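Each chain gets a letter, A, B, C and D, in the order it is written, and its residues are counted from 1.
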Amino acid sequence: MGFKYTILGGDKRSLELGKLLMKDGRDVCIYGFDMLEEYNNETVSLNEAIEYADVIVGPLPFSTDNLNVNAPFSNKAISIDMVLDFMSEKQMIIGGKFNIEHEKKLKNKNIKSSDYFKREEMQVLNAIPTAEGAIQIAMEKTPVTIHNSNVIVLGYGRIGRVLSKMLYGIGANVHVSARKYSDLAWIKNYGYISVHTKDLKTYLPKMNVVFNTIPQMILNKELLKSIDSNCLIIDLASKPGGVDFEAAREMEIKAISALGLPGKAAPVTAAMVIKDTIYNIIEELDV
Amino acid sequence: MGFKYTILGGDKRSLELGKLLMKDGRDVCIYGFDMLEEYNNETVSLNEAIEYADVIVGPLPFSTDNLNVNAPFSNKAISIDMVLDFMSEKQMIIGGKFNIEHEKKLKNKNIKSSDYFKREEMQVLNAIPTAEGAIQIAMEKTPVTIHNSNVIVLGYGRIGRVLSKMLYGIGANVHVSARKYSDLAWIKNYGYISVHTKDLKTYLPKMNVVFNTIPQMILNKELLKSIDSNCLIIDLASKPGGVDFEAAREMEIKAISALGLPGKAAPVTAAMVIKDTIYNIIEELDV
Amino acid sequence: MGFKYTILGGDKRSLELGKLLMKDGRDVCIYGFDMLEEYNNETVSLNEAIEYADVIVGPLPFSTDNLNVNAPFSNKAISIDMVLDFMSEKQMIIGGKFNIEHEKKLKNKNIKSSDYFKREEMQVLNAIPTAEGAIQIAMEKTPVTIHNSNVIVLGYGRIGRVLSKMLYGIGANVHVSARKYSDLAWIKNYGYISVHTKDLKTYLPKMNVVFNTIPQMILNKELLKSIDSNCLIIDLASKPGGVDFEAAREMEIKAISALGLPGKAAPVTAAMVIKDTIYNIIEELDV
Amino acid sequence: MGFKYTILGGDKRSLELGKLLMKDGRDVCIYGFDMLEEYNNETVSLNEAIEYADVIVGPLPFSTDNLNVNAPFSNKAISIDMVLDFMSEKQMIIGGKFNIEHEKKLKNKNIKSSDYFKREEMQVLNAIPTAEGAIQIAMEKTPVTIHNSNVIVLGYGRIGRVLSKMLYGIGANVHVSARKYSDLAWIKNYGYISVHTKDLKTYLPKMNVVFNTIPQMILNKELLKSIDSNCLIIDLASKPGGVDFEAAREMEIKAISALGLPGKAAPVTAAMVIKDTIYNIIEELDV
């Protein structure tokens, strides 16, 4: 495991990742942060940066234009094709959200690669800073404590599970809605009040905070009507989300779309999650 | 939902189920308990018992000989073929563990049926009396409290999840072993100590109780050697289980195979689980 | 319990209290908020406001100058002597932090009175918004999640108990320090890591957040030296608090004095706490 | 702390205590177990046994007849006066439940002594095996799981607190009754349903298990009438306890008096509790 790493582009989370790897005693080369004072006299070339490492760590997402590595803190473009050209078959590249074309090229060049964003454990671990970020928003935007409040989590997937556990731990009256009876059984088992999705209308009126995790329209005009005007809605589902925000505005219900919480609320934890996932990837390859 | 029910055979759990249905205000006919004093002057015939109900509720397992309904408290054989002959297309039959032949017959006769044992929510809910039964055994067979003991749960499926949560709630130092990194992430998220299966040997020596939920040989001679002689092993996996009992006996390690715990440790709860599942089945059919 | 109430002065928390009493169906007169638009055409006189009610509810603190009732949203001075003169023996006055002189006057006039701030249950309930406010600050000011962080709570009084429970519920590695062995036993019993005060030096270096609840100098220069520069200190003890802030600033350790959290982080909850306490006071008097 | 210990009399818990001290690497002399095969060729005299140690550890209770040390596994009487005569001022004696006369003699002889039973932390730690023993009984004697059952704990002292926490951790619907509003506030804070003692009659009818911890008559004939015939009552309060057992028998309500649970349900844990308390005593004396 005495691997050398090159952090290739990315935002501050990538930088934190580099620091965490160093703290673990790994050799790390940072490339693509020349806009930051700390790194602006980088003299190492892309070729050297690539050659340095056993493992090249790309950002999340790996690219935003499909041509260059996503590197918001670099004045230089980092061409994906060049990166691959510089790599040898002994090296591996790990990044987040490779697209199909990238993966095809990697395969053609016979370069070992892995997409950390596709890893189930990364999704699980990422749910933690997401949930905690959502709780922070609820604390900031309501005049009541979460303890003893009526809160409901819509959906019992990864984020729903982590979020409901934390809310329960703080002392809220936690409701969780789901459609599947087995999910409802799990919800009850963990001590929360289970709500079948079809019964939402009955439960919504007394809620202080509604957290949505379902990535499709769920809080439509109809359901919004049953929500109290003092209630806060926090939508954690990726765009377009699960809330009719326009209708909410008209009804003067506070509704917030909260995305990218891990990077915003807890960038160091977000970097740790990637680091742990990278270690798992490497360990599995070794075996 | 004003359905009438006939409880057709089964053990005391089926009888409890009948009582619970009555408590809920349902009309219930009990058939196949003539060996019990309370029911020994049953004058109703099988045909009448079948005709009486909208829903026929069979036992778990439905049959042990594939010919007759499983009815340990009846002196009369209850022929499955006769039951099906007496039924009409308006009725439905719900039982546990139908075999393929039964299901074929039901289909041929166009009779609505459902196997409650195949329902995911029943499996989840059944994990609760299983886990609690296992904890009771641990309390009875060890001279230490579970609180502050080192315990490990092997496997993080349904029973593993429910059991580790309860042990944690009592205050044990809960370890849970799994192979998948995503399971390990969940284990950590719930506050337990996660142990990769390959590292069991390191953790086993300091355990006070080992609960196995994995239905294949896991505690083999090799691993048993690392277990303390005061440790108690409780195997919850169905036969042949996951423990080399012979080797355990030779090493004088106490190992218990604990099966059928719901019916033994909490028959009324076990009946409730079936009742709730039946209600879910009926509700889904209605929709 | 069909009592009439007069809210006499106070800040927005008192106003929320009035609204909560009305929500419960009580008759409420609001006096002393003429600076707020909503109430600026109050035509009722002090005498009328006093006469109106069975229970006069004063603010927390009752007075800041010992002459007038504390009424930051009123242009008129509300003389305590006049209030008492207008009151009859059938009425009662409830306020927070009466001083000795007030209590003497109340006794002389034979007026029933009670200080809600002295009530143990109010102190307990107030610990909840305090703890939650502290957690909100920790979430805002650290780049890591509380989940899986190393946190320590200094002191195991009311706030310490509520705070450690919530931190544990979120998934932190909760340490709590105390001096008494019985407190240390309780700390262990609740699943936290117990730290004897004399061993703080050993535990502080690995902490991400330190919450102090002890109202005397505890984090002195000597102990601050053992704290990591990335650690956040939140001091919840009333002035002068338990942290050498000057030394912390010199060492570039972030230290925050967080006071009055209930009113700031959750004013509606803070009002509920007072309301519940008032109800308890009234119920006890009736008996 | 390199002290030598003599275990002087007592039951199997004292013997376990001796073994635990040895496991910790202490030198230990066992005296007063000659009825057990393992120790029946003890050749050491009482004088030698006393001289051997820095700390003499007596049983709990120290004496049952006020003349001799309580030693149910010894054929020889161990005179308290002789023990004290053999001791010097350099030694100390630690026991449980010294009576006033013993303490007077110890003082006269200038012998350091301490009563571990009087230590608050011992009472707290002892509440754990008591609570767990009570839960074991509830599991054994009811046909339902504790999970999802309605249970009530009468009294919120040490045992009440530990017991309600464990029941909650298993997933029961935990009710706790108390008289003081501050206790009721704590009960709510921990997530349990708080019941004022005067409202017991309203809550008792739907309970599956009632745990009493109050050492005075509480479940009298009147209240027993409101209890369901399937309900189980477990009385943990010392004799005469808090239940009218005669009335319960007449009404055919199952009521169990469960005393001495630590020694019965978890003798090794009970010994650990004494050991930890002894260490605390010694550490405090050193300082």
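Simple rule for what comes next: a residue touches a chain if its C-beta (ideal position, glycine included) is under 8 Å from a C-beta of that chain, and two chains touch if they have at least 3 such contacts.
Owing to the predicted nature of the structure, the values given are computational and were not obtained by experimental measurement.
Visitor: Work out which chains are contact partners of both chain A and chain D.
Guide: Both-contact set = B, C.
Visitor: Could you tell me which chains are in contact with chain B and with chain D alike?
Guide: A, C
Visitor: Look at both sides of the chain A and chain C contact and report whether the same residue positions are involved, with over half shared, or different ones.
Guide: same
Visitor: Counting C-beta pairs in contact, which chain pair has more, B-C or C-D?
Guide: Ranking B-C and C-D by C-beta contacts puts C-D first.
Visitor: In terms of CA centroid distance, which chain is the most far removed from chain D?
Guide: The chain farthest from chain D, judged by C-alpha centres, is A.
Visitor: Determine the centre-to-centre distance between chain C and chain D, using the mean Cα coordinates as centres, and give it in whole Å.
Guide: 38
Visitor: Per the centroid of Cα atoms for each chain, what is the distance between chain B and chain C, given in Å?
Guide: About 50 Å, centre to centre.
Visitor: So which bits of chain C are touching at least two other chains?
Guide: 128, 147-148, 165, 171, 189
Visitor: Please give the residue numbers of chain C that touch chain A in the complex, ascending.
Guide: The touching residues are 16, 128-129, 132, 135-136, 139-140, 142-148, 165-166, 168-171, 265-269, 272.
Visitor: For the complex, which residues does chain A have touching chain B?
Guide: Checking each residue of chain A against chain B gives 119-121, 123-125, 127-128, 162, 165, 180-182, 184-186, 189-190, 280.
Visitor: Taking the touch rule as given, give the residues of chain D at its contact with chain A in the complex, in rising order.
Guide: Those in contact with chain A are residues 147-148, 171, 188-189, 191.
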